[in-house]
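Beneath this line is the structure, given in structure tokens, with notes to follow.
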Amino acid sequence: MHQDYDLKIGGAAGQGLQVIGDLIAKALARSGLHLFAYQDFYSRVRGGHNFYHVRAASSPVFSHKSRLDILVALDQASITRHYDEIGAGGVLLFDSQNVQVEANSPNVMGLDLAKLAVEGGGHKIMANTVAAGAVWHIVGGESELLAGAIADTFASKGEKIVASNQAAAAAGARWAQEMFRGNCSMKVNRQSTDSRMVLTGNEALALGALAAGCRFVSAYPMTPASGIVEHMNGKADRMSLAFEQAEDEISAINMAMGAAFCGVRSMVATSGGGFSLMVEGLSLAGCTETPVVIAMGQRPGPSTGMATRTEQGDLLFCLHAGHGEFPRAILTPGHPEDAFWAMIHAFNLADRYHIPVFVMTDQLLADGYATLTPPDVQRVTIDRGPLAPVDSLASDEPYRRYQFTANGVSPRAFPGQSEKLVISTGNEHDETGLSTEDPTLRTRMVQKRLAKSRPLADEVLPPVGYGGEDAATVLLTWGSSYGACREAVDLLHEDDQDVSMIHLPQVWPFPARALLPLLASTSRVVTVEMNATGQLGRLLRQETLIQPHAAILKYDGRPMNGEFVVEELAKGGQNPW
Amino acid sequence: MHQDYDLKIGGAAGQGLQVIGDLIAKALARSGLHLFAYQDFYSRVRGGHNFYHVRAASSPVFSHKSRLDILVALDQASITRHYDEIGAGGVLLFDSQNVQVEANSPNVMGLDLAKLAVEGGGHKIMANTVAAGAVWHIVGGESELLAGAIADTFASKGEKIVASNQAAAAAGARWAQEMFRGNCSMKVNRQSTDSRMVLTGNEALALGALAAGCRFVSAYPMTPASGIVEHMNGKADRMSLAFEQAEDEISAINMAMGAAFCGVRSMVATSGGGFSLMVEGLSLAGCTETPVVIAMGQRPGPSTGMATRTEQGDLLFCLHAGHGEFPRAILTPGHPEDAFWAMIHAFNLADRYHIPVFVMTDQLLADGYATLTPPDVQRVTIDRGPLAPVDSLASDEPYRRYQFTANGVSPRAFPGQSEKLVISTGNEHDETGLSTEDPTLRTRMVQKRLAKSRPLADEVLPPVGYGGEDAATVLLTWGSSYGACREAVDLLHEDDQDVSMIHLPQVWPFPARALLPLLASTSRVVTVEMNATGQLGRLLRQETLIQPHAAILKYDGRPMNGEFVVEELAKGGQNPW
Amino acid sequence: MVTTNDYDSDRENSWCPGCGNFPILEVLKESLAERGIWPHEALIVSGIGQAGKLPQYMRVNMFNVLHGRTLPVATGAKLANHRLVVLAVGGDGDGYAEGGNHLIHAARRNVDLTYLVHNNQIYGLTKGQASPTTDAGSVTTTTPRGNPTPGLNPIALVLSLQPNFVARGYAGNKEQLAQLIQTGLEHPGFSFIDILQPCVTFNKVNTYSWYSERVYDINQAGHDPEDLSGAFSLAQEWGKRIPTGIFYKGDRPVFHESILGKDARPLWELEPEPARISAFFPEYF
Amino acid sequence: MVTTNDYDSDRENSWCPGCGNFPILEVLKESLAERGIWPHEALIVSGIGQAGKLPQYMRVNMFNVLHGRTLPVATGAKLANHRLVVLAVGGDGDGYAEGGNHLIHAARRNVDLTYLVHNNQIYGLTKGQASPTTDAGSVTTTTPRGNPTPGLNPIALVLSLQPNFVARGYAGNKEQLAQLIQTGLEHPGFSFIDILQPCVTFNKVNTYSWYSERVYDINQAGHDPEDLSGAFSLAQEWGKRIPTGIFYKGDRPVFHESILGKDARPLWELEPEPARISAFFPEYF
């Protein structure tokens, strides 16, 4: 039987809803289900109303649905905001100490979480584990899977904590068994014995960077990108990674420049405001041809905007950031699995072309969870790009960092690597790296740098289609909006509509050559993105002279889903251009 | 008789060639001629080879010609580099102490400037005034005009300095009278009694800003923009202007934000690298709707690039700079006279729409001279934009800085102006200015800010045509390349070619509506700009879906002129897209 | 007469219960009222962070700007309208990391404003990363193996720039804090107040009790605020004993008077006078 | 054996004749040779300005970066290859204005490098604007009515961060300068050397003779470099007498060892090891 369920836990910051969500997500994954999950939270540490939404299904899922099978309400706002989302057969479980609801059906039940936690032999802070236990029982999950998830989650805190959390979960389950008489539309049916990893986009980026041999990361904390470096840093010793929290983002990118110049794969991670401060350093990377990877986690702007929410508003900014002209690449993964591989590809591109490479995500992708089968690490290829041959380093000729070559890429050497001096400047320079103002040399150096654009375009990641070829309507999207579009296509196909989608996993160089034939037989191109000005649409016009028919846009800081796209498409979309 | 002459003075930094150039330029302007002049110099204080090129004509001129009527050589490099530029009937005058040339014609003559200076009763540092005197005599200038120019130039240094410089000039003139037997193709013929102002683009911007009532400017020095603020600062006391040299560009734009928030017309001035650092502040201006004017003097990048040279490489960067989405205006004057008015317009636009407004120039325009009739200050209009009515400030209602209005612009009030509190944040906010995360309010606030784009587009400065309508080929350009295009059109018309030009004095909002009819009957649109990637062409594609036929590009740091455009056009131009 | 109530706002406060920001907010409102300053006469420029939220919880002119940029904005505001009582408020990350360069230069300029740094030795809003003042060895989300670098000494740093007023307060000593803030508000020039502020959620090292056991009042202990070198020596103390109080008081000229002259009219009141530029035209002929 | 000649370059020098940068260049080349460091073993990271051009006039590994950003770049370079002898070089504008925040934090981290600031109290390359160290009252292109703000005190500022080595040299005293640079190169940790450097073109106040009349050697005068408070007091002197020499010498742990551990292999030598991440997979199940 096909399983496809949505579950939401709502509560205030500080109530520990992440623990409930994580435990259930882990247990669901261990049941062999595929997950999509995201978190919605305020820029505050206590209070407010946050929630954790999990969708679990027997086939891969990429976005949330609007109808809930279970709502767990830890605060009253969960009722005001999400009660109406509960679908037919859905269950509402609420913390009776904090929430008041008229329980008008056996599917609506309150329980005193703190009391059960204490009675179960634990402490009242284990209230959230009680909730997890109750939910897990109601959905019919196998109790050892939850117990195992608890064991692994709390392992670092010691056996006692594990045991009392397991007891709390058991207390929740017991309560449900005794008291719950409803019938929940969510019924977990274990799928296969091997389970899947549950990873956020940020974790996937972190693992990708470590796999790629990134050994230097400097960053200044900024939501939603901090998770990447915090995750990497937790593994720093084991991976010989140097991490430094810079005094500001200017310092972060310049530290990375220094490390990269000396031969270490280096990256930074930031969000809009922090990236704004890196723009001058980006231009230095462009001029000195220093490889650097920028993990750019978008959030709604302008300015501080909405710090913990999601948006895709910085595409054209990243594309044009930096004074002067130099090539770059922009990768725009749509899913944590893509994010892992994108990160590895980013380091290879940076090293092959000696350019800055962006990996753009957004809060949805950064903090959102997905299930994936473990990446095949044997498939990871490392390409450090052209390096000065060892014999040349022993020769008498001086090393020329900016030697003219056919494709504009000059083999690298590193200071201290040999007796050869490595010379570089952010002034316009000659082949040796010393500054020049000669007009002819200037022209050639500009051309050298820009010459990389061609091979870079030749190997751009191809657009990824879904939902068949030659559809009358094509949804064109990038980054995390992949998920909503993919779900929308499935929904539209159920409704027999002739719609397919194309996702761009790399937006720059713009994959015009590969895209044009895909759009040739389409009468209606609809761009889908999380911003207000239709940035992908603008770029499409610029790069292909194709006028998109309409745009589906959302810019309230909350993620799209498939149903939203379907509805907007039915309404005809917008024209922001 | 039509007069049209080119004169060049070459020498090392520190040899005072600017004095010669300035004196002759002033004297030429006082002779009623129209001028175009530019300076070419290295990023060093002593040595190297710099030059000063003056074109003077009896009708307006906008770019230099490649053939010289006079070359004044103070160093040997002037000969190596510019000897071949001397046209038929041209004169070469060189400093015989520093330069060696075979004087094979009466038009080629050396003189010992330092000796003449001393003999003339001055000091050897007045050698350059001697040169000016000799040149002025050779071109048949009226001696009192040069004497007057000397008097005004040195007035602040006292009468003695004036007198000895006048004596030095007279010594140069005497030498020429006695020794020069050549025949110079340049013959100054006084045109009319009223002369014209000689202004650089930077001076024009400075005067424009002061006329507009700018009373706060903060900047960090950066070529070629420093001249603007240094010029303004020299007049600070008389215009009640507060100037502060900030510790960095981040501080500069944030200081301007603080002053603007409190009701003062405020600006910053910078170049590429400095602007990169202002990008986060720009986004704050966008979110908080704080008016600020950014004088952006471009120079070749990326990174430090070529600090004292010219380029138009930052158009798309300025257009997309800043995280998140918010409206802006980009003015792109083509000439110092336009620059003056652009600056005034910029302050009005900033105040009317509460947005950041760019006035983009480049080193050519910033440091280049032009003659103009004094601007009619009566024509200067000041529009501070919507202000909260005085009676509303006395009411009981709290003031709402972000009140929703039809065109997105909310009347301003200032802290301390009344008992009303003024509240603003770079977080997304409600109408009162307090932060919010409400999705509906967020959507409305985004729409409010972007709503300004429409009226802003409605009043965009219209494209300016030259050279007739409905030409087969149209040169499309922006900013300072106006001059080269305009000269090119004249040259092409002399050659009976059907070419006209269109200059965009405002590139954003893109003037698509006004431009499309102008291009309708043209078979060939050729963009002309000083960069390598054809940025205006890209924008044209994006905003009009018109594919330019070709691009004429130059990116060696040296300005274009009419002849260059003509030659490139004959060769068919390039395709950078 | 102004009262604290005039500064009260009914906006919901999102700080954690028990946070050291509450007493600072309370004392600030009291101090402004005590000094007879009306809400519309003051402008608070605040940064991004938990501390930066402060003016949202008061009735006062507010400009909540970028992380780290309070001081340049406040400087511009003061030059534009020097009749305003200008304050800048932010966290230790805001002021000592992102905004470090502005701190140096605003102090050097001696801009006439009062700058409150809520120094909780941690990044609160972003959930627990190390700040420049995090003690060496402290475990945070970005220093899982203990902070490898020693904390920055804000008092010594600012003393080296010799602005007119340098002090350290403590959220746990409201009386002293009120006195420091009021002196800072009164004293012309740059008034710098580093405030030890327990973050009850993320900083489990530098807690209320940790601070309370250590702080002492240097002025009560006899320190003379005119003694700069003595202040610098005292500022080195951090550990068993933590000095609080007024470290330094000077009387250098204040910035806006140096720039605008004394008795200048506030710039924002001046009308544009385009015609006046004609007077400059002759120099271009 | 390394000699100064190994550092010689035949590149045309574009500094003004008589510029105070020439003796600094000379002394630096000598000092590196004297310490037995080969050109390929050293990396000079330089900023933008006249001072920033310095490594262009030597044979040495060079990374000439942005205005104000030498220290972060140098920090990254040192972490990547800690076997390199890393130097950072820039002007007073570069280091004390644009780069002020990095100076604070690099000093606090105690990054093992030698930082030379050519302090000519003016912006040379951009033709004569005021710098943070321009004396109050000095007329420059940006202070036509005299500088309204007093000069920043770089020695006091850096002392407040307690890096391992704080000194002031003078381009007019090559012997002392050589000794300072060599001690700085030898001494582990952040070695900060502010060098008084006459700009003969734009600074007509702080000339060779102006400095020469005022400088004296604090170590000869008996200052003990372990006395931090004494150093701070001495650093206040500026006017009739200008103190030069070693202000402070300390022995805090150096940054790259705190981060990488002692005896770590240089990061740049390590090969990527993608397969090792598999070890982390179990935690995500």
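A, B, C and D label the chains in the order they appear, each numbered from 1.
One rule holds in what follows: contacts are C-beta pairs under 8 Å (C-beta built on N, C-alpha and C of every residue); 3 or more make two chains touch, one makes a residue touch a chain.
Please read all numbers here as calculations on a predicted model, not as lab measurements.
Undergrad: What is the chain whose Cα centroid lies farthest from the Cα centroid of chain D?
TA: Measuring from the centre of chain D, the most distant chain centre belongs to A.
Undergrad: Return the chain pair with more inter-chain C-beta contacts, choosing between B-D and B-C.
TA: B-C
Undergrad: Taking the mean of the C-alpha atoms as each chain's centre, how many Å separate chain A from chain C?
TA: That pair's centroid distance is 37 Å.
Undergrad: Just how far, in Å, is the C-alpha centre of chain C from the one of chain B?
TA: Taking the mean C-alpha position of each chain, the two centres sit 41 Å apart.
Undergrad: Using Cα averages as centroids, what's the distance between chain A and chain B in whole Å?
TA: 44
Undergrad: Among the residues of chain C, which ones contact at least 2 other chains?
TA: Counting only residues that touch two or more other chains, chain C contributes 48, 66, 97, 100-101, 104-105, 132, 259.
Undergrad: Give me the residues of chain A that touch two or more other chains.
TA: Correct list: 42-43, 243, 247-248, 250, 273, 280, 284, 288, 303-304, 307, 425-427.
Undergrad: What does chain D use to touch chain A in their complex?
TA: 11, 38-41, 43, 45, 48, 56, 59-66, 69, 71-81, 83-84, 101-102, 104-105, 259-260, 264, 267-268, 270-281, 283-285
Undergrad: Would you mind writing out the residues of chain D in touch with chain B in their complex?
TA: So the residues of chain D touching chain B come out as 14-17, 48, 50, 66-68, 93, 97-98, 100, 123-127, 129-130, 132, 141-145, 201-202.
Undergrad: Show which residues of chain A lie in contact with chain B when the two form their complex.
TA: Chain A reaches chain B through residues 42-43, 250, 271-273, 275-277, 279-280, 282-284, 286-288, 298, 300-307, 309, 311, 313-314, 316-317, 319-326, 425-428, 437, 439-440, 442-443, 446-447, 450, 531-533, 538-539, 541-543, 545, 547, 555-558.
Undergrad: Write out the stretch or stretches of chain B touching chain D in their complex.
TA: Chain B reaches chain D through residues 14, 42-48, 220-223, 226, 229-230, 233-234, 236-237, 243, 245, 247-248, 273, 303-304, 307.
Undergrad: For the complex, give me every residue of chain C touching chain D.
TA: That would be residues 97, 99-101, 104-105, 108-110, 132, 148-150, 152-153, 156-157, 159-162, 228-229, 232-233, 236, 252, 255, 258-259 of chain C.
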